[in-house]
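Structure, as structure tokens:
We call the chains A, B, C, D, E and F, going by the order they appear; numbering starts again at 1 in every chain.
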């Protein structure tokens, strides 16, 4: 009888999609205008879903204030108003596609969320495309 | 080859989070401003998802007018413009967290929805947090 | 050549619509289920619009961090997770309809926003009804 | 370690719900105003979800430009600004309920999406009701 | 010190854009795929805004239940699940563009709304285009 | 008897807020994390409103396909997936605040929209703040 509770958050960041070991032409061919060397950016809207059982004492699955603080420290402080390629260590050698950002965010949260809970994230890169990842 | 069809509904209600057997200080510590003795409230937005097979005769999984009527009788009539703590029997001894409200709503609907269907609900307490429950 | 910049905020509150000098029957007749003596509640979503000229030095019409702080102090701290009828002085003798809440919010903000700016607010009581007020 | 990426699309179409082998009275009884012989219509909002593994070379699960083109050819070109009953071959003998439209859309996409990927669609008939189908 | 209160509503309808006195080619040239002789359709989302002064006795600008009933009778009963070209008298000789639908809806409401109030409508033809009209 | 029709569009871009003639400390003090030298970014969502009279021959205020093309050429091609500071001539010496972007977008559109029409734009920098400008 498990239930999932979702909390929304958001961060704004710049990025470019490219591989250092590819020529500009190859990057342009595969990543199109997303490979602009001067960067572009997005408002990333995040939903963090925690799955577990309700604590019969409080009626909470998880304390949302605690969850909110974890999201702030692990995601917002790390990614908000940042250049993902230049300033976020995880993307030094990893292409910051929305898929890879989702993996990075999930892994950062997973370390801080008690293992008794399931973890799923939805990450909107724009209002028109998003990913769902649950490990 | 099953499919899920969702129908949205909503209700506005007042509540407070607290345990009668706890001191005011303990309630304040655990539930924060949500434990305000004078209540606060929300617009609860509900999505009811019914999973099953399509009836080949009609092309319907379930008649949405019938579903709409069940949601009205079981959820809206019972919870809309109510004080959950004072006026809804299920919360006389159950803390009306969004998690517990989801369980109560699901159980009320489950009794009225044919057992051949799966049932999932999404319940938004605010535009920024919501729960998903499917039994 | 003026421009308007909007900032969103929100607060959750309980209220009931009624007049003390009316009978229960009269209150019920005029305010319907909104007059429930045990209260109900809403997620109020607020948009605060500031009209003025762009400061040529900064490119800002107004510093949004400053505006955000004013909204927090004047609106969120005063109304969030409150019972409007019982805990907010302005509604001791004023019926907390969405129209009157909009007036109260606007008046509170107007005192703190420099007179050189125009002020408009949009206040959603539910996703389905809202008011616009600009003094 | 699979992930799902969603891309949104939309089409506007007319339809009516009815069975040719039923009397007008029977169609009216079962399908209500949706059986209007002169048709009515909707803005169908579609989300196409592709499940798979991230290509370590690109960081993409699937190239969204390719997916967008498939959705355009298979769904938008086929259904947008069409009368589903009269102009879309799949609905010549199939009632165009939102459930059946979802099946038709899924089947059309499934043929064009590499079998290594999972496929799920969400189809909104109105902002208040939608279906989810994954085969 | 006037204020505007908005109430949302919606209707689903089929239509085609064309002029009877034009050739098919001319209609196709001007109205594109919107001139499909077999019709297409939309979910029209409507916001009705009433401007006036707050009644000091009730705190209401207008009773929203009364407004809701007027919208139901004048707009929803007249247009919902209809073919605008064939079944709505106002469009027998008037092209049902979103602009003209807005005028028709506004005129129908204007006759039923007390002249002391201002009236504005917002009419969404799709989530991506809409009109605003206030007489 | 004028009416306004809105069309939505969008572009994703990187920017930073700063003045070249200010020290890093001063830029940081005034623009906060928005002055990050490595840039950050947003999904800008744009609504273009055209005010005028309905053409009695077509029922159109303006041909939306023509408007869509103007928005594509003037706004999307110029700003989408760009670094506003480095790649957009208008921001070589103008700070790309949302206020200034709105002015630039409005001026670009104004030159291409027939002078008989009024022009208003709404520009969302994030889902939580936006500007409205009409000249």
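Observations, loosely collected:
As a convention for this text, a residue touches a chain if its C-beta (ideal position, glycine included) is under 8 Å from a C-beta of that chain, and two chains touch if they have at least 3 such contacts.
A quick note: this is a predicted structure, and the numbers were derived from the prediction, not measured.
Identification of common neighbours of chain D and chain F yields A, E.
Of all chains, the one whose CA centroid is most distant from that of chain F is B.
When chain C is laid over chain E using CA atoms, the rotation angle comes to 120 degrees (nearest 5).
Farthest chain from chain C (centres taken as the mean of C-alpha atoms): D.
Annotation: 27 Å between the Cα-based centres of chain B and chain C. Distance from the chain A centre to the chain C centre is 34 Å, each centre being the mean of its Cα atoms. In chain E, the residues touching two or more other chains are 127.
Working note: touching chain pairs come out as A-B, A-D, A-F, B-C, B-D, C-E, C-F, D-E, E-F.
Taken together, the chain E residues at the contact with chain F in this complex read 17, 19, 30-32, 94-100, 102-103, 127-133, 135. Listed in rising order, the residues of chain A touching chain F in the complex are 10, 12-15, 33-34, 36, 38-43, 45, 80-83, 86-87, 126-127.
Those residues of chain C whose C-beta lies close enough to touch chain F in the complex are 1, 3-8, 49, 54, 57-61, 64-65.
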